[in-house]
Amino acid sequence: MQNSFFKKKTNIKINDILETLKLKKQKTNYKVNDIKDLDAASLNDITFFHSNKYLEKIKKTDCKLVITDKRFTHIIPKNIKVLEVKNVLVSVALISSLFYPKALDDNLDIDVDLINKKKYEKLVSGKNVLVGKNVKIGKNCSIGHNTIIESNVQIGDYCNIGSNVIIKNCIVGKNTKILDGAIIGKKGFGFFPSKKLNFRYPHIGAVIIGKNVEIGCNNTIDRGSISNTIIGDGTFLDNQVHIAHNVKIGKNCIITGQVGFAGSSIIGNNVMIGGQAGISGHLEVGDNVKIGGGSGVIKNIPSNSKVMGYPARNIRNFLKDNKDD
Amino acid sequence: MQNSFFKKKTNIKINDILETLKLKKQKTNYKVNDIKDLDAASLNDITFFHSNKYLEKIKKTDCKLVITDKRFTHIIPKNIKVLEVKNVLVSVALISSLFYPKALDDNLDIDVDLINKKKYEKLVSGKNVLVGKNVKIGKNCSIGHNTIIESNVQIGDYCNIGSNVIIKNCIVGKNTKILDGAIIGKKGFGFFPSKKLNFRYPHIGAVIIGKNVEIGCNNTIDRGSISNTIIGDGTFLDNQVHIAHNVKIGKNCIITGQVGFAGSSIIGNNVMIGGQAGISGHLEVGDNVKIGGGSGVIKNIPSNSKVMGYPARNIRNFLKDNKDD
Amino acid sequence: MQNSFFKKKTNIKINDILETLKLKKQKTNYKVNDIKDLDAASLNDITFFHSNKYLEKIKKTDCKLVITDKRFTHIIPKNIKVLEVKNVLVSVALISSLFYPKALDDNLDIDVDLINKKKYEKLVSGKNVLVGKNVKIGKNCSIGHNTIIESNVQIGDYCNIGSNVIIKNCIVGKNTKILDGAIIGKKGFGFFPSKKLNFRYPHIGAVIIGKNVEIGCNNTIDRGSISNTIIGDGTFLDNQVHIAHNVKIGKNCIITGQVGFAGSSIIGNNVMIGGQAGISGHLEVGDNVKIGGGSGVIKNIPSNSKVMGYPARNIRNFLKDNKDD
């Protein structure tokens, strides 16, 4: 999916990868298809493993080539070739750049031009709408004033896009609304800190927004680094919500104002989150979870729980311990 | 007040309402004027009652027609006709749509055009300012670049509107400043969740901003659903504040950066709120209250109190219990 | 530094200051150069002292003229002339207005016009970019669509400015990125509350952004009141961060999404701050500090500490006290 926005080099071979990682080249050279995370990687791809959180996934993958470090080499299944490196994520960034050399540059799309309404079926368009190359907009959509839709974005039928919206590297399902001032699809806040010069890693993922979704005013939704950022069907986001790279939000969730998600967390279906709550990175929140306003979620939350507090815990215990004084 | 922005149907009769709610029609048909909340409803209107919080108000209303459910039917005063329904708020949404069929559509205003400065007295206007039909702008105002003022908005004398601002369904008092990037007057985050398709209810209220007010950069202020969202005279809001539908903020309040208000809360006069604090929905905060930064207010706060914490409580107790370790 | 954006009156004499403060004029009149804070004031300037926090600084200043109140008059070094007033900050505001009569007006820059790309070396510019008078843009920069760069702003070489950005009263170092929707350089949220009409004080400072910095989407960074707001070299800010007036952030800091800084706090180098954390005003945070997501910092934090919680405290104690229940 992510490949629609960033042109992939199709001639990368295993020895190109080994050379980039400063590992010893091998005799038999062969083509590697793409770099993907454990969920998406298949037979001819390269993937990576950097946390015991993903132990079940490494056991089930079809992928036969993995980047990891010496802490994990011994637990990688025997039928997978291991490329042992010092820093997995830095190595992933380097290999991503190898496949997608243009995914680092995130500047303005100079290919946009004033929208040509005639190209789209039953489109209602505002003033000064800028649209890039190869943009698809379904029938019966509306697009507000001063909105920018960069090249290759796809928008389904019956969508309403507000004014002053910026959309890039994004696929939007049908009957979805994106309200004024939302900024969708820029690269995430991902880099390797360095006192010399922070090393930005490429963001080759997209933002995939389902159908019947509503994205609130002034939301910021970053695209994924190696996988996609996903907003499931029927999910509604209120104003000033921030969603970092690689976050996956399920279906029919209700996310109220000023909620923030750090990177790579996975939220189930039918989850309700109160205003200003924050969800740390790399967590899993199950289905039907209710998270009280202002909560700070710093560990996984099982399905069907109600939590509140900072750190978030069982809501009954939180309220019991916080009676009036 | 709300009727200035959404055209009301003037021929709605009691039997139209009964039919919409799937209740039995009655012999004597008569016109109903409007749907309003308990504060605003008068003799010929229809109102609704869905919480004991509003018990004092139902006792005092002049309105003679109320939607409620069986939990409350017995406590409605005898001189008020009760329409007993399963879900009060869904019924209110249906009846609102009956009176205001266009208050659900919240797309761009296609009637805007480049501002004609000559129409307004001593106006300083930026580049690419878009203004809708029937907009009133008082004398000696300024409007920044790329700002959009939708149809029917009214702005008082001596106001300064920043750049990249979007204003709709809003009345602004004199000598008020609205800073860059603020988005004012869109429909609130109000709907009935459904796994099939969330049911959006109409927002027939406006945003009413007093005089001598300052609205900060990138604020989002939603219009009311059934009543108005109100910002009182002399109140100052810092950047990135979010104000949900139906919130009423009093006079001379100081609301610092990133504060958020959930829907329908009522804030008194001279209230000071520190950065990032959150106020839950349907609460009352009295006059002269001070709320510390980062607090989470989840219950009513009496006048003249100082609170802090999550949940917010007496500030002395909060600080005493949180001494150094 | 601040003087580049607001024209200073150069003929202010000590008796003008005394008259403005309603103090008794003196026989020997002489010119005063400028009003500055204790860090920046030198021999011919006027400065102010209003808190014991700045005791070390008043001892070391070269400045010979200070505004203070009677609580502090006796601790001002003997070689400094004291102007004793009732309210130091109100007096500072009055004297700032005396030197910089135009620093109160913060309306749109009517001098902007569509950018003339030929004026800048190797510039990539989007559509509808507005640029004021006397703007400097270094070589090899890009500027996104609908962005406004007001008069006198300076941007270094190799910078990338996003779309829908507003920059005023700001100097940007080389190789810095400012992402979509950021609003930089407006006056801070500074005023003296009054039930009649809040009294806004002038903001004569600028925003000084270093080199290799990244400013995230929809950030709001206010300019300083009497000193500058500073973002140090190599510091990265994520989306929806709010930085109030006079805040000084050191080098190589990492500030994640939705973090907020109240006014005048000083943050060291290599500080990492998790999402949604808030830093109160007038605090000092040392070097190499780690602040957990969601924390509320309400006191100084020494270098090399790790803190978390609300209020923020030693992270080990916070996590120990918040085990599962």
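We call the chains A, B and C, going by the order they appear; numbering starts again at 1 in every chain.
To be clear about the criterion, contacts are C-beta pairs under 8 Å (C-beta built on N, C-alpha and C of every residue); 3 or more make two chains touch, one makes a residue touch a chain.
Please read these numbers as outputs of a predicted model, since none were measured by experiment.
Taken together, chain A and chain B share the touching chains C. A turn of 120° superposes the CA atoms of chain B on those of chain C, with the angle given to the nearest 5.
Mostly differing positions are employed by chain A and chain C in their mutual contact, as under half of the interface residue numbers are shared between these two copies. The mean-CA centres of chain A and chain C are about 34 angstrom from one another, to the nearest whole unit.
Residue positions of chain C with contacts to 2 or more other chains are 128, 146, 164, 181, 218, 240, 258, 276, 310. Looking at the complex, you find that chain B touches chain A at residues 106-108, 110, 112-114, 128, 130, 146, 148, 164, 166, 181, 183, 186, 189, 191, 193, 195, 197-198, 218, 220, 222, 240, 242, 244, 258, 260, 262, 276, 278, 280, 296, 298, 310-311, 313-314, 317.
Listed in rising order, the residues of chain B touching chain C in the complex are 124, 126-128, 142-146, 160, 162-164, 179-181, 212, 214, 216-218, 234, 236, 238-240, 251-252, 254, 256-258, 270, 274-276, 293-294, 309-310, 322, 324-325.
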